[in-house]
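Each of the next two complexes has subunit A plus one other chain: subunit B in the first, subunit C in the second.
Our next item is the complex of A and B:
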């Protein structure tokens, strides 16, 4: 069920995005600097923005879901319970899994930014979607929550997951790496080979690659394993 | 010195806390009260109970620069130059001095090229840098930043960190989820469920967190047990 970008371009004021590529089933990481077009790509991938030219198609994708960077953009319920129900999910189950049990009657606005993001991602990752696009899923989360999100992404065993992020430390194992460079989508290829072509890799991964030690993946565990290879 | 005594506000419960001049980073899980504490220090929120004194004054009487976590919530004006000039204009500084000061702070922040731009056209990282320049334009005694790095890439975070460190503010206090940045501060405060559970230099605080994900990854890789 690949998602295909064919000669896609999109222009807004001075900004121009171009994209060509095939997103196969698996987990994709899209990295890029602030303002490079990651969010625009996420909107186009999930069908919320139509490209100016070219086409995006995924014939076997029945359901796609976009998680926007700012969780408050998704909020429709007044209480936590209502918010969870608006996703068609069971409040008790989601509140327990996001460690917000007993707060179902509270107003969503009393949550801290990180707690709201936690609730939002708890809902998103509990929905069944063939295409899941996560725009900066780790921003505003503490390291414990980032680990939870990484684990839940790794547990998904079907469909396409596209993660647009600048997170440097807490990354899940991925299958493919892409970069947004000045508005253009560039494929680094399949992991682990892609790691050597990843110009925007986090500093600690770049240093390992420079030593000739390519981690098997980009998660902290894989990086630690590669680091230990240097000591053997 | 910043002195908090018997502070109770929402989840916060701080019997006593002294913050010395220099850079202090507040870390902790989501919902632990970091933003609430920063707002009290910045004088945006008065504590329900207890007192906070900054060099002998109430926070409301101290010149403080504040950066909201949400980049868009920092910006009020249409152009970058008007935005940076606004704190000076609000206090009725003469126009020539305002222009001069805006140019100086923009140059120091490396954003002179943005002065003529519309704020709505800026990228997220540019918005943060403009907001920081605006917060610093009055040479505040206290600079407070609420997870301003959470939406930045590594390059923008490095620039932000460099600017923060070059600030002339006597007290620089910010919270972050980037433990690499926290490791470079003078002091770290760990807040959990509204309570200060650790306070000291980064080495002291993180030494007790070696089994926790809060421990900086670069330190962990340097000391990898490799068993």
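Our next item is the complex of A and C:
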């Protein structure tokens, strides 16, 4: 069920985005600086923004879901229970998995940004979507929660997951790496080969690559393994 | 129009002309048709909402006083001008114009105007994002979703206001400040201003009266 970008371009004021490529089944990381067009790409990928030219198609994708950076935008329930139900999910199960048990009757507005993001991602990652686009999923989360989200993304064994982020440390194991450079989508290829072509890689990964210690993936565990690896 | 002073002046003058008479509204509409980016402004989501409000008031007015049609034409033209002004606005313009107009006293009103414009932009973004979220959840916008959605609007605005207040405090703002605005008006700007004044003149003194006076 690949998601195909064919000669896609999108222009808004002075900004122009161009994209060409095929997102195959698996986890994709789209990295790029702030303002490079990651969010715009996320909106286009999930079909919520129509490109100016070109087409985006994924014929076998039945359901796509976009998680926006700010969880407030997704809130349509007054209480936590109502919010979880609005996603068509079981409140008890979700509240327990997001460590918000016993707070179902509370108003969503009393949650901190981090708690709300936790609840929101808990709902999104529990939804059965063929295409899941996560725009800055790690923002407003502490290290512990980032680790939880990485684990949950890694546990997904079907569909396409596109993660648009500028997070440098807490990243899940991914299958493909892409970059947004000057408004253009550039493919680095499949991991682990892609790591050597990843020009926007975090510094600690770049240094490992320069030393010839290419990690098998970009997760902290894989990077740690590469760091501790004995040179042959 | 590059010069925001002349643009704001033109919008005010044309709005007054449109409000005064139907002839003024017709000329202001013709002027609006000549503006670059005129159709871009009517695609804004708020345009439909405001237009609907004008229709409702016009219908009520037509049934009660019989002035509904005139009201509809005049207010529609004013709405088009306002939407145009909002669309072509560049952040910082009101601040610069306010300081140019009122000197040091214009600093605070300019700052308030800028913050208000920013809040309007944020509201527009919020409403667009919420519509996306509702569509994704396949939840129709009804009474049950209206309360949390409006709540989200209000809470977001309060949160941003707190952030802005913190930012101003950190930067040492108490009241007033210094700004040296500079403008670069061109021939087109002056021409646009003169045409707007002519339209206001025609709105105040109908063409028929001018010919009577000439006789």
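The rule we apply is simple: the second predicted complex is superposed on the first by the 229 of 232 C-alpha atoms of A that agree within 3 Å, B and C clash if a C-alpha of one lies under 4 Å from a C-alpha of the other, contacts with A are read in each partner's own complex, and residues count from 1 in each chain.
We adopt the following convention: contacts are C-beta pairs under 8 Å (C-beta built on N, C-alpha and C of every residue); 3 or more make two chains touch, one makes a residue touch a chain.
Nothing here was measured: the structure is a model prediction, and the numbers come from that model.
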| item | value |
| --- | --- |
| Side-by-side fit of subunit B and subunit C on subunit A, or clash | clash |
| Contacts of A:87 with subunit B and subunit C, given as first, second, both or neither | second |
| Touched partner set for A:74, first subunit B, second subunit C, both or neither | second |
| Which superposed partner A:151 touches (first subunit B, second subunit C, both, neither) | neither |
| First, second, both or neither for A:228, with subunit B first and subunit C second | first |
| Selected from 20-28, 74-82 or 146-154: the stretch of subunit B that, after superposition, runs into subunit C | 74-82 |
| Contact residues of subunit A, present in both the subunit B and the subunit C interface | 70 |
| Subunit A residues within the subunit B interface of the complex | 13-14, 32-35, 69-70, 111-115, 117-118, 136, 139-147, 166, 168-170, 200, 202-204, 220, 223-224, 227-228, 231-232 |
| Parts of subunit A lying in touch with subunit C, wherever the complex brings them together | 48, 65-66, 68, 70, 72-78, 82, 86-88, 108-109 |
| List of subunit B residues in touch with subunit A within their complex | 28-31, 35, 69-70, 121, 123-126, 147, 150-156, 177-180, 213-214, 217-218, 220-221, 224, 226 |
| Residue ranges of subunit C touching subunit A (in the complex, touch as defined) | 126, 129-130, 132-137, 139, 145, 147-149, 151-152, 155-156 |
